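One chain, chain A, appears in both complexes that follow, with chain B as partner in the first and chain C in the second.
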Partner chain A sequence: MSARDINLSSRVTYLVCYDIANDKRLKKVFKLCKNYGNHLQYSIFECDLSPRERTRMEVELKSLIKSTEDQVLFVSLGPAEGRGDRVISALGKPYTHFDAPCYVV
Partner chain B sequence: MSDFDMALDYRTARAMYPHRPDLWHPPEFLYDPIPIPLDHPELPLFERLEANPSAVDPNRTSAVFTDPIPARMLNEFVYCPRLFYYEFVDNVFVESIDTERGSAIHKKVDKGRGDLPSAMPSVKDSAASAPASPASAEAEQEQEQEASTTPTAVQTDTIHSRSATLGSDRLGVLAKMDLVEVQLATISVPASASLPPSSGKSKTKATTPELDLFATPDPPSSKNQSQTQTQTHVQSVTPVDYKVGSPRIGENGVQLWDADKMQLGLQILILRDNHYHCDQGVIYYKETRQRVPLQMTPELEQWIINHIEQARQVAASPVKPEPLLNSPKCVRCSLAPVCLPDETRFMQRWSEASPHLDRNSFSKNRLSPTLTSSTTSTATQLSPRRLIAARDDERALYLNTQGARVTQRGEVLIVKEETATKGEFRLKDLSHLALFGNIQITTQAIQTLCEAEIPVAYFSQSGWFYGITRGHGLKNVFTRIEQFNTAQDPRRCLALAQRFVHGKIRNHRTQLMRNHVSLPDGVSLKLKRAASDALAARSIAELLGIEGAAANLYFQNFAGLIKVNPDDDELPGLEPQASTANSENNSDIDPSFTFDFNKRSRRPPADPVNALLSFAYSILAKDCTLAALAVGYDPYIGFYHQPRHGRPALALDLMEEFRPLIAESAVLTAINNRMITPAHFVRAGDAINLTQHGRKAFFQAYEQRINSLITHPIFDYKASYRRIIELQARMLARYLTGEIPEYVPMMTR
Partner chain C sequence: MSARDINLSSRVTYLVCYDIANDKRLKKVFKLCKNYGNHLQYSIFECDLSPRERTRMEVELKSLIKSTEDQVLFVSLGPAEGRGDRVISALGKPYTHFDAPCYVV
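Right, the complex of A and B next:
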């Protein structure tokens, strides 16, 4: 890449983990997270988010959770592109990371 | 010359009298517009066609000129006039992190009901709470001051009014104010000394927006009703605007940015025009949590009025303002990928010297339109910054399983076969859908996709491209107008067609020279000659001839690009994975299927390679159509390809230079890397088709190719082919609107 390339923001992978005290809110938060990433485990999602998507997700989450009782953590795993299975490995049931150029069904 | 000769067209005359060039009519003959019969009864219906299409009407004053301009747009105008033009005139918006943050902080603010206490004093009488008569709509400064000095008891109170929208006819602007801090004064006067109703006419003509009388709980003094009359009136107002960023650090500490000054100053002026007493405004910068005040001065007022006038002129002009020159503003601008500031500036100055195109042929080409070059030729020629992301975050979704159903839940698409879920796809990860054959999709899903601006393309199972569904896309109407104007001008069409064909032939040549095992002598030279002939072609018909001959030559040598030997597959260890994936079809495999290629054949394709090529062109046509739609073209009106029902002619024009780069390359990669094997084909009558598994494998090969990064030969930065198709489409639009002097096809080195 040439020197005049500007480092443009693209997606970063986040582990989004939540602890929600109330079942009703939990359900809502779960549904919301489904729109943003893969459901990895109970209350853990793997989300590839652009800065814009992250802002949007945060705003939406903020309006759902009760800030005194609930917590949502965003754990950054670095740039999503070319990540492969490098940063996540699994024991037990396998973890697979989708990294194809397109979706085909 | 006899009448008989006149009837011959150029090609026929040349064929009949090869030694008599004097009988060949100039090719312009082919392009003389059909004379419009002057006495045609329906002529008045076509009145608009009589106008010279290429001339731009300087008096084109659309609704734009008279509509009030929102203050936010004038903020954009001060930031960048071109941005203002895109958003206000072309109605193009692009979301970015900044706009997303902005709308997040405005969510809270916008919850307000938008009501503002009236500028006129409201009188609460003990007997009947008679509202102030509308005639007393005078809240002039002096009177207010007078009123505030005389009363017996004054109570001041500050109330907040959110998202009030006001306008001013004098300025011709509208503003939605995030927050207005209203200083209320409640005056208790003896009931006898009632204020005389002032019936003076307002000095400035102002809009009377629907201002509800303020509806907060009565001030405490109003309890004291029996003896006194309380009069609540607005003493002064202060608009407060919320901004995501931080203030500018100037010489005298923190300052407002010019663009913010414009917006806030306008709010002050609008409030004044609506009879409020307003001297200053405040901008609250969220990032640094600072309130930065702005005092209204006569100079500032003049500055604002001048800018409104300029904005009005720009909005009424059919010419987009020039992009900013190498400005740091562009880096964060969400419209940079649409506006392409550096690329446009670069192309404006590019004409002088080019390492890629045959400049001699261009200068010889007298049909080339001469357009005014940029006035900023003194600026140094910097290579463009890459202000676009190299690749999309989104991926294409190809649906190929016959009988699958697509439904939607929340922002997720669910693909089911019978009752089993085959996949779930988040809308945010999808760039578009391509449906092959019998795929069902629910109306709800289509509605959601339209809203999310994700197009859906439909194909037959064998890859016939039927069409596209997408949401409202009527933006950038001026691009479309220029497209239609150009399509009516045969000379400009020819100039563009020359470049499309030139690009294609050059890329064909590069493909052969790079990848052919042993290219016969002379082929490369012939193609080179054909490419420069294309630039000098004098008619579309001639160009078609050149293109056809070059394509023939290319496909004669195409077999040399295929590097699989049928015998290789017999070797142990090279067992293609498809034979397992496709085991149920093994019995159907026609042993005669090989990747031998003799000549291009279509409708139907006679062998596997031709089947793959046809399929690849069809998918590429989809991607070019999507790019054309994204830029705002009508994809069905082309310059080289003539309009025909259901054929995306413009997409096919755009596609020419990308055929070798994407479609043929993907086919070769798929074959040479054995992603596709002879087992992936079936025969249906005369036609050879890909099987379902074959299509699936080819989608991957194709998408891999179109998503791969390549250095743009002129702009010298990396971007995916998909991005570059869109980039070329945008540069074509620049050419059509006259912003850049020529269209340069994408040609790899």
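Right, the complex of A and C next:
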């Protein structure tokens, strides 16, 4: 495995949070995010992404959103492996982390 | 300064994200979170909290939410100082980080 392969296969966990001003675009963004990660809350997904997947997701999101009205935040939580369970904690309904999500390749 | 003081003064940045099933509780949670951090998106705040502030915020939130219907997630982004600018990035409308928020003491 080359250094490039290692780099491309290393996944980072992101919270992907969106504010979308239009219902039609909101549905499309929700559908797109579902392909990349786990739905945590109303407008938040948790996605373990390789650099290539992150780039692809950004390109696809950019084609859906209106940049003057909508916002999508990518919040890096660090490497997907070995980050432990204490990064996210919940009050009220429990937080469920799926250890083996289906990756989009 | 004792080791305990150092521990209490160290701040961690959290994303505080909530799904609240009831409008009245939602307004109260929003108002509470405004006391602790910056409003990033519809139901997301960015809060730099000392351990004492985090405990107090959790106690206050627990008194407002209904644990079977609502959820508040605390997502740790690591130490508030020196985490750099690359943890959060935005598509669409820009992400604005306030370097000198007003802390609740």
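Note that the second predicted complex is superposed on the first by the 89 of 105 C-alpha atoms of A that agree within 3 Å, B and C clash if a C-alpha of one lies under 4 Å from a C-alpha of the other, contacts with A are read in each partner's own complex, and residues count from 1 in each chain.
One rule holds for everything that comes next: contacts are C-beta pairs under 8 Å (C-beta built on N, C-alpha and C of every residue); 3 or more make two chains touch, one makes a residue touch a chain.
These numbers come from a predicted model, not from an experiment.
Once chain A of one complex is fitted onto chain A of the other, the partner contacts of A:Pro51 are limited to chain B, with no touch recorded for chain C.
When the two complexes are overlaid on their common chain A, residue A:Lys34 makes contact with chain B while staying clear of chain C.
Once the two complexes are overlaid on the shared chain, A:Leu91 sits against chain C while remaining clear of chain B.
By the touch criterion defined above, A:Lys66 reaches chain C but does not reach chain B. Legend: residue contacts after superposition of the two complexes on their common chain; A:Ser10 is shown touching chain B, with no touch to chain C. Residues 15, 17-19, 40-44, 58, 61-62, 65-77, 86-93, 95 of chain C touch chain A in their complex. Those residues of chain B that touch chain A in the shared complex are 95-97, 100-101, 104, 107, 331, 382-391, 393, 395-401, 404, 410-412, 415, 422-423, 425-430, 696, 699-700, 703-704, 706-707, 716-718. Within the complex formed with chain B, the residues of chain A that make contact are 1-2, 4-6, 8-11, 31, 34-37, 48, 50-53, 55-56, 59, 81, 100-105.
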